[in-house]
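Look for chain A in each of the two complexes below; its partner is chain B in the first and chain C in the second.
And then the complex of A and B:
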């Protein structure tokens, strides 16, 4: 493999786009996204949440973990904005710290699991044969394993403060569905001219996969990453509820909700602030995810608008219900199908 | 078709075996049954503890392979092993399995049937009020984890009960202990207990099915075969039900197997929050109590349930899609 040949492949990739004076794909997507009201609301809410999570603890008069021995179970007041817990912890401060953790966990798990899914799926779909059989068997097995049981056995055994390992554990059980979809796409991409050209030039398989197959699935991967953010946040909450998730002294929205459940009927502020923040976070990610899907996958949008403004007959295409079920599925319901 | 289903079944049985074995190895290596005896006062004699542990097949000093073979031998003959306390896991499972099955079967059936119905109707009425309201509701419901939903329902029940001044919705346990009532009174009592846990499971399912079914239905509404069906004289209603809905159901049916696993995990939360003594609660207790054989029993149970659901969706798939039956 010579360098020129590689350059040639690169040129070929850029070729068609530089010929016409059209805006780049990502700019089009961004413009679509700007037009989508729900995606913009979602993004704005997420930005506010991030700001809150990182600035909140700084402007709060209380340190995280600092008990106020004069205020147990105090309702929200100018002193304690969101009230206090049984041990006199300031709920605003701890909720903000918990929100930080939940957001970071969601993002990290999404990045890690989507990366794993892309690599596994692309290798299985491109190489097929024995590699495919082996990888897909592992994928099926992980899908069948009672994820919650395994996570709840392993998570409490982690040392306190090692939430990064928890992120790895969560990611290990969230990549399978995406990987199956990636595999399906890789199989069809494999027959495209640019992949064939790269292959006939003698590019090794792994280079084709990383340079041509995976970048061409970026829209699917981005949408799936948002789904995985939701799945990760929901999974973390569920595990933390039983003390199987984030271990103290770290807190997350899940562990705060768990702590607030018991006193909730009599001291509602211990539960509602964290619970509503969690719901708002997930809702915002779902909104962004759905907006992104519309921007990246014109077919999905055509389908939505179809009944209002009938699309040209050619655009509708034949209906093949069993094929590509994953692609047309909305982001949020798939997350619901994923979270343990 | 029988061949297709048999092949799937064989594959599923293998997967259950591997999954449960994996759960056993994981539980046996990471849970320490010894802690149960160490917390006892007076502290039992170490030699005696060794003996008891070995007798109950929980001793981490015995080779793992030996313990596994002994456990597997038991499972094959229908014996799930002993708990840390020395009682039979079978007894526990027998007592609890019905509770969990009632919860998840009801949750799955109510959730999927009503979700599919609402989703299909929303698609037919696209952009009308019903569609908009149901879509927004589904979106919000999908953003609430089961745990939080269950707690919110519980708090809501307390408020409703206070408002009505009577105990209408009960949120602790599966039935009132020591209830003296006739057949009818018992049924009402059971229902009062059943509503909230089932709702907390079904609502999430309902939302997911609703959104999915709506998308699938929109895909086929304008398809040629639906137009043909109406052209040959079927009313719109019948064409929708027999042709559009049936076709749109195929991908949703495959989705059923996926969501069943989520439902199983959901049952763990609902049971714990509403104090039902089912398999989910057994799991939480047995992990906390380092009860290896019970943990594996629950893991095996949930694997079997998920695979039964997968098999059920294979059957439904074959029934809905003639292409599967023919090939």
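And then the complex of A and C:
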């Protein structure tokens, strides 16, 4: 909140003579994001999760995969912060290592699949014709393929280190439904006057798609990306559960939860920590997604309320009396004071 | 009329023939809201006598519609209404919805702006009118149906017996509005409230509907409340006027007093900002600065003070009451009304008249100027297809069917016509810069059927566009700066001079540079349109295509935009292709005008010649249909009423396309008619000028 106040002051101190701020699109979005409390909380939680995931294993007294033969199924204690498993492995260390994988897979898959969906859908919807036919044929084809079977066939053949391929595979099966929605929206956006205006000023199609079409569906895309984070983590979890995803000795939150489900009723710590971290991750991503959506959409309600105060003259701002030349006479307080 | 109706009228008469039929006193309407209440109506009072027509004018958001909804008791639950509304001395406010329902439709009726929303799509119009009759009177269904048919005949629906069995979507906009009027007068009401009844209609249809309203009033003797923003409609139709501003009446009186002896600067400014169809000389319009105030947090003084050229410190102290002008029932809410009266000030005395620089190019003879746009025989047909799997062509929409246009440097060509005549299709064909199906489009000497991609890009530099809806034409996710910079970036403007150019453009269109970082929705309509114009001018084009650039704006704002366009044209030597359905605006801004009807140009020529002595019957009808904001002139005019609606462009009549509606055709002999039916008239010059009309029997006639 203090940050917001500072920004407002910053805005007001600029008189009509000074260099007016004309921030670029992304800077504006970033600033709006900074102003959004929920987005900041979400980002902070995500940052903490990342820190934990990467620093946790370093500060833990136990190495990943190192068994403690004196402690099997021990509850949390100063020795083993989050308890141990059946084989005496430190749950804290392995959860942190699992968290690393899950975070990266979840976020990467979401970004990749939503980007693919946006690009494929927007190009198909904007260009129509042959491009549309070809792209939609591929989309439909992927939609009818049994995802799970293919993943479970392919996954065991991958090396344990090549989780990047796993990311690509997961993304490849998550984008199609969104792409179809995006295509529909692109077809309707194409008729908007601002898109026509851009076309008539000679902008090439790909520029129009990236400047006008895709940004105007950012709400949909962000909601989709947030859902995809969850979907990716869950898909990875279920694949891991069946033993196809992340292969041991590598772990992920999914494989940890899978391993913890059986002893959970009697030794709940084997299950709960990984499950809670999964929930926290998903919540944090949702918060960031909501904040980002508002920041990208200048029409968002929350944002307008915040802007109203610094610029009361915005709605009824000054227009030059006539078409004459001369300088503009501002009616807003700030301009009135310093205008020549 | 049947006995039941006379019974009602008799009951009404017992209150006294002189007493007001409807009396509204100190009406206030507040919509509770967060963080502040919206005070939409603040103290409206008026009286309506039998057979009187009261006009309520004001810009959007002035509270004129809310006032009438409050009278009808149709406001949403949450609205707080105080004051008094008396119908024949009976209080209506505070009655339950059930009690009001007995009055509504029987003694007060309403005609809405959008007749499609006001009619139920699943019942035939005959059933709907019969229902209105049945609710309020004891009749059999057969009688009610007969009455419905009778009413449809009264409002001029041809073939009433058959058409009564049709559904609302089978009627055109004008016909639907007639049905609404038929429904409104079904029970012989004492008061008819018309809320912008003709705003959504084309001018020729508007003239028909106003005629029907007049006929309906003669038939029923009802008093009418006419709510509109069109000062021309008011001038010809009403007896008294109530001008509203920010939820309050600011001036009221007889129509002549308001139009010729205005005492409130707002009314005067409003009248001064309307472009006039009947005035040939180009006096700049008088715009009212600024925007109407927000109704949530009004300052204590006169709400018009921030925009008023006569404002003094005392204006800010308290809101002025309506004060009578001595010797009449003319009232004005202005503390300087007396001064205006004493000095006999007119609108140009109190408002600063903007200076439009002299157009230097106008001195060069037209023939010596460069041709900027040349269109020859342009054709655009859309196929009509049927079927999903096996698409087959079942017909053709002749959207644009062979038109010629020519625009020279520094010239404004107005392209006018009713909706559906092919104006917009023509524009899109020009802007696409593709090879047309047939014909030629030549922009600055470069024909679109021969140019490659690079050349087309260069043409785009010289050709830009301003759209109608300033909200829809600006990307809501981009700041004003980005919007204006977009064409510059697309055409590789040097990056280091980008910023200065954007600021220069903002200044050019009269916007302060501090607005560069704002988003379109933070601007008012007029400001948004200025951004649209700045974007269009970014690349210093030679030709700007303007697609109804002012029709979405209020009159006072519109005047500012028109002045801006004229100023820019003179300073930057632009040529405009100005597409509009508002012929008054076109007369004001254009040098030449082309009138379109069903994909063809029926008349073309110098503005003053076409408006002064139109030769084509369609142009004559179109011009005569436009109301002029001058009560005396309006009373003296006779309208040429066209029958029916625009035929479908998929199935245009043979020969002359206008013959099905042509008033002249009706007067011709059988032999003369064959020419109209068989051969399509070409655009023929009249005398030795380049004024041409496409009519076999063209004859100049003064109609304005």
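Criterion: the second predicted complex is superposed on the first by the 209 of 340 C-alpha atoms of A that agree within 3 Å, B and C clash if a C-alpha of one lies under 4 Å from a C-alpha of the other, contacts with A are read in each partner's own complex, and residues count from 1 in each chain.
The definition used in the following text is that contacts are C-beta pairs under 8 Å (C-beta built on N, C-alpha and C of every residue); 3 or more make two chains touch, one makes a residue touch a chain.
Predicted model only: the values in this text are computed from it and were never measured.
Q: Just chain B (first), just chain C (second), both, or neither: which does A:261 touch?
A: first
Q: Using the touch definition from the top, say if A:200 reaches chain B (first), chain C (second), both or neither.
A: second
Q: Just to be sure I read the superposition right, which of the two partners does A:234 touch: chain B = first, chain C = second, or both, or neither?
A: Once the two structures are laid over each other on A, A:234 reaches chain B alone.
Q: Applying the document's definition of touch, where does A:28 land relative to chain B and chain C: first, second, both, or neither?
A: It touches chain C, and chain B stays clear.
Q: Would you check which partner chain A:48 touches, where first means chain B only, second means chain C only, and both and neither mean what they say?
A: A:48 contacts neither chain B nor chain C.
Q: Does the superposition put A:216 against chain B (first), chain C (second), both, or neither?
A: Second partner only.
Q: Looking at the overlay, does A:148 come into contact with chain B only (first), chain C only (second), both, or neither?
A: first
Q: When the two structures are laid over each other on chain A, which of chain B and chain C touches more residues of chain A?
A: Per-residue touch count on chain A favours B.
Q: Which positions of chain A sit in both the chain B and the chain C interface?
A: Of chain A, residues 307, 316, 319, 321-322, 328, 330, 335 contact chain B in one complex and chain C in the other.
Q: Residue numbers of chain A touching chain C in their complex, please.
A: 14, 16, 20-25, 28, 192-194, 196-198, 200-203, 207, 211-212, 215-216, 218, 296-299, 307, 311, 314-324, 327-328, 330-331, 334-335
Q: In their complex, what parts of chain B are in touch with chain A?
A: It comes out as residues 15-16, 18-19, 22-23, 26-27, 30-31, 126-127, 138-140, 142-148, 151-152, 154-155, 158, 204, 207-209, 211-212, 215-216, 218-225, 247-248, 250-251, 254-255, 258-259, 261-262, 264-265, 268-269, 272-273, 283-284, 287, 295, 298-299, 302-303, 306-307, 321.
Q: Per the contact definition, I'd like the list of chain A residues that touch chain B in the complex.
A: Where chain A meets chain B, its residues are 140-141, 143-150, 152-154, 156-157, 177, 230, 234, 237-238, 241-242, 244, 254, 257-258, 261, 264-265, 268, 271, 275, 278-279, 282-283, 286-287, 303-304, 306-308, 310, 316, 319, 321-322, 325, 328-330, 332-333, 335-340.
Q: Mind pulling up the chain C residues that touch chain A in the complex?
A: 284, 287, 289-294, 306, 352-356, 431, 456-457, 460-461, 463-465, 467-469, 472-479, 481-482, 486-487, 490-491, 499, 502-503, 507, 510-519, 521-524, 526-527, 530, 532, 535, 539, 560, 563-568
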